[in-house]
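Per-chain numbering from 1; labels A, B and C assigned in written order.
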Amino acid sequence: MVIDPRKMQSLAARMAGDEVPGRSPWADARRRFRRNKAAMTGLAVLALVALFALSGNLFARWSHEELDFSVMGQVATAGQPSLANGHYFGTDDLGRDLFARTVQGTRISLLVGIVGAGIAVVAGTLFGAIAGYSGGRTDQVMMRTVDILMSIPYMFVLILLLVMFGRSMTMLFLGIGLISWLDMARIVRGQTLSLKNREFIEAARVIGVPAWRIIGRHIVPNLLGVVAVYATLLVPLMILTESFISFLGLGVQEPLTSWGALIAEGAGTMGYGTLWQLAFPLFFFVVTMFGFFFVGDGLRDALDPKDR
Amino acid sequence: MLGYVIRRLAIAIPTLLLLIVLSFVLMHLAPGGPFTQERALPPQVLANLNAKYGLDDPLWRQIWNYVHGVVVHFDFGPSFVYPDRTVNQLIADGFPVTLTYGSLAFLAAVTVGVALGTLAAVRHNGWLDYLAVGVSIGAQVLPNFVMAPILVLVFTLWLRLLPGGGWSFSDPSFWIMPVVALSTSYMASIARITRSSMLEVLGSDHVRTARAKGMPEHRVVLHHALRPAMLPVISYLGPVFVSMITGSVVIDIYFSTGGIGKAFVDSALNRDYAVMMGITILVGALTILFNLLVDILYAWIDPKIRY
Amino acid sequence: MTKLFTTTALLIVMALPASAVQPAEGETLAESQTYTYWLLDAIKTLDPAKNTDVEGSDVLRQLFEGLLNEDGTGGMVPGAAESYDESEDRLTYTFTLRDARWSNGDPVTAGDFVYAWRRVVDPRTASEYAWFLELMNIRNATQIIAGQLPPDQLGVRAIDDKTLEVRLTAPTPFFLKTLAHATTYPVPQRVVEEHGDAWTQPGNLVGNGAFTLDSHTLGVDITLSRNPDYWDAANVVMQTVRGVTVNDNNVGLTRYLAGELDRVQIPAGQYPRLSQEHPDQAVSIPYACSYAYVFNVSDKGPAALKDVRVRQALSLGLNRDIIVNQVLQGGQKPAYSWTHWAIDGFQAPDAEIASMTQEERSDRARALLAEAGYGPDNPVSLTLQYNMDENHKKLAIAAQQFWKPLGVKITLNNVEWKVHTDRMQSQDFDMARYAWCADYNEASTFLDWFRTDGYNSGKWSNAEYDRLLADSKTAEDTAPLYKRAEEILAAEVPAAFVYHYAKVDMINPAIRGIPTRNVTNSWYAKDLYRLAE
């Protein structure tokens, strides 16, 4: 479950090299992407999952925290998925509606995934662009820092962070986001170095455009393709990380939940005849993972069409 | 190359120091201490305990003493939660276990993953390809905390084939489920990477040339395609290794293997400072070492790369 | 145990047979006498002075033997001591030890007990359970722990090799009941001094119990085997005892069902199904622990909880029947008193709340909240803190939903154990889940908690309550005092008592001799045996 950095580099090189007027890589890419069946399917799946997260509650007959006392205590028999009592996905061990909880969990997991990936991408891009643009000693120091940070077992540090600050969404976002910005920083730095000496940047520098502006206006936009692909591929990794954290019991606070928490609960009780508690959350989890993979891969292939 | 290796090893020292300070500070800032417990200790007893373990010193001094102990005496200190044992002993007991099932899982993931990926690429668009892709996609995202209890249910309760947990260095039947649960998802990832990279290489000019010269297909694959196709797989190995160490938490919890994964999480939750530090340093050092090995391997396979 | 205390000094020779359980006639023993039981976690230490948890005590009870043992009902029977003598002022106990040997052949002497107890209170040992000797009221224990007196001033002395004298600071009705606790076990001085902290490792450890240590792999298993040098070895049938760590209770149950374990805890909610499928194996027995939500009434606590009506309303609103019957489902009982119902000699007061229906309780709760100025328009907002655990989580979620219709808004706060404890001890909480397990089979072990200078994390204080408990230390008949104390708790509601524990286990029917009427759940492997299947 790791993004292949070589492909990202190749993509970055292409995106940076595409500064030829009149030829947008995006128009070609859109066409190629549409022809990629797996990627289009992935996109459709993601759209459906997002729709489920946003509007699922309209159909839910229970809230995600209500206890159904008529089901409680006999979940294996009375808590099965049923249209009649409104528990479309059945109930959890306490008699809470699994449909509403899956909607809730989907929201949290997607949020953690997207925000976490966002933080990683923004941090990585800025760090890499600044290092690459500054060059010299600053670059040296910044990249050595990245080298050092690369060797830190992040999951351990994340556990420590959650232990220290207590479990909160903010900490989860930050902690998860902090895991994967390093690769991004390296790729972006490499491309910034090659962009830096291009004429249009030189020109901007000569007429006195400040550095932060050059980075923001000229360098980052040229890396958008990488950023987009990287972010798409990062989201499922963030979701996986969150599920592991939830498994350890360090995830979000009840009555909020996430896919990881729901799956961990369902996996615990799967021997007791309540398999739906595992099946529904796992289904959404797996399907979304695929969605992001296919879209990410498709996007990359579309933007960087090597001979394949 | 040698210069590069030395430079990398030199960077290991500041890295480990940073890691030590970072985790030490985080741990000590966290609420509660190793002796916080249900029946609040009388202040005198607590004072005695803190004095015994040097926890009443200022933080910088504790860090200094700790680093000094590690560097000079290779002494990682006492465990607060397991007073009968030192951290050196705890790691000496747990690490070989983690290392054993970890390396086996690693080997399994790489060999099976590469074989499966290569087969799928060679039989591109055949049923084997679809099967491999389908299975590996599913296996890739199945969390191992779901996989592990399923394995116990199937192989211990239903089939009664394998022991449901525990560890023995002499009896491989204890190794099987931990290795399977730990390796499956990486095996699947490696298979996918191998497949796509192999497809790329098989379509490249020099492979086409080799084919045109009438070389049999299996020789083409083994002698010309495999080596370049391995490059992306190798760059993936470093992260795989690190994730496997992290994943060992799940293995230790479900299979009672007594490895260092569970020990780490426990030590963080129990504020067992020295154990937590010891394992963090060990894993940090391993990560550095392994990343270096991967880079060397990479250079060896791809002669174009010069460090 | 029946009351043995009299006003005159009396030599009591305990004449009970020492080993209580033996195979009945017609029972065929299995060839392989092994017993494998489930451990949730690794055994942290095998040093009696340093052990703090139940699972450790279970192992220590097999490896060592204290002055007294418990029988299958929790009564005290002779252990290392054959008999004892109690002075008239009830401040001095003199024990006569039996002829017994350590597993290395040395005789067990009174000096071993003196050494062990001094070691517990010695600040250099830094024992987390040093307080236990304070609880026993042994003379000078408090001062030694504080470092004001040297350990040899402890009120315990070897008159000769076979005679041990213990002097107390105050008459202590439960003193004898503390003597089967792991902290009071003797340790072999020579071995401890020879090996230091490593003396408890396999190969080094020497005990006076019915079993010896074979192996101990942290987080995997611990194996004990029968000690042929034990004084009553002739009556020990069990050969091998093995504790197996399985961190996940559900997997533990799977492994029990696969025949790998002889005993495992049943996960919450699974008892009804399992007792139907395996009526001969699913067992629920009372277990002397009580579960509560403690209210913080200290200065740092929320204003609402300082109003007794709010506390009463919260207690009333908690639907204990649903918690017990639909969540836990393992023979636990709703709690309307802090003391566990099965505690020896305890008579619970008739709590009005116990006889009401939940509807009546909720109505009363609403009325009380309205009186206090709260209601749906002006909700009480509180945080309920609990520590990481599947069952605590379930209960907290349920409680939140029970209180919601009363207009009480609860935020759940799940924290790790260390944080939970730390915050409770510094009154940094609104409501916190808490459970207390009996140290000995008498009500004061529970009631002491709410004394003004007790653990009492919520800082509730009541002069009459303190007086009652002080009086109980010397009273002839403690039952009415304890009953009155419980009445005060019921009226003042320093905590909402939730339920009284039961130990809910799957036990292999081939294993015999596991006590089912001992509320502290102390078991002795020397009393176990395995039938042929």
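FYI, contacts are C-beta pairs under 8 Å (C-beta built on N, C-alpha and C of every residue); 3 or more make two chains touch, one makes a residue touch a chain.
As the structure is a computational prediction, the values presented were derived from the model and not from experiment.
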| item | value |
| --- | --- |
| Central chain (distance from its CA mean to the mean of all protein CA atoms) | B |
| Pair with more cross-chain C-beta pairs in contact, given A-C and A-B | A-B |
| Intercentroid distance (Cα basis), chain C paired with chain B, Å | 40 |
| Distance from the mean Cα position of chain C to that of chain A, given in whole angstrom | 47 |
| CA centroid of chain A to CA centroid of chain B, Å | 22 |
| Chain B residues counted as touching two or more neighbouring chains | 30, 149, 153, 157, 269 |
| Residues within chain C bordering two or more other chains | 248, 250, 254, 388, 416, 419 |
| Shared-contact residues (touching 2 or more other chains) in chain A | 163, 268, 271 |
| Chain B to chain C touching residues, read off their complex | 30-33, 35-42, 44-45, 48-49, 52, 78, 81-86, 90, 93-94, 148-149, 152-153, 156-157, 160, 163-167, 252-254, 256-259, 262-263, 269-271 |
| Of all residues in chain A, those that touch chain B in their complex | 1-2, 4-7, 144, 147-148, 150-153, 155-157, 159-161, 163-164, 236, 240, 243-244, 247-248, 260, 263-264, 267-268, 270-271, 278, 282, 285-286, 289-290, 293, 306-308 |
| Touching residues (chain side chain A, partner chain C) in the complex | 65-67, 69, 72-73, 75-76, 93-96, 163, 166-167, 249, 253-255, 268-269, 271-272 |
| Of all residues in chain C, those that touch chain B in their complex | 42, 44-47, 50, 52, 123-124, 126-128, 130-131, 134, 145-147, 197-198, 200-201, 217-221, 244-248, 250-251, 254-255, 257-260, 388, 416-419, 421-423, 425, 455 |
| Contact footprint of chain A on chain B as seen in their complex | 11-12, 14-15, 18-19, 22-23, 26-27, 29-30, 137-138, 140-143, 145-146, 149-150, 153, 157, 185-186, 189, 193, 199-200, 203, 231-232, 235-236, 239-240, 242-243, 245-246, 249-250, 264-265, 268-269, 276, 279-280, 283-284, 287-288, 291 |
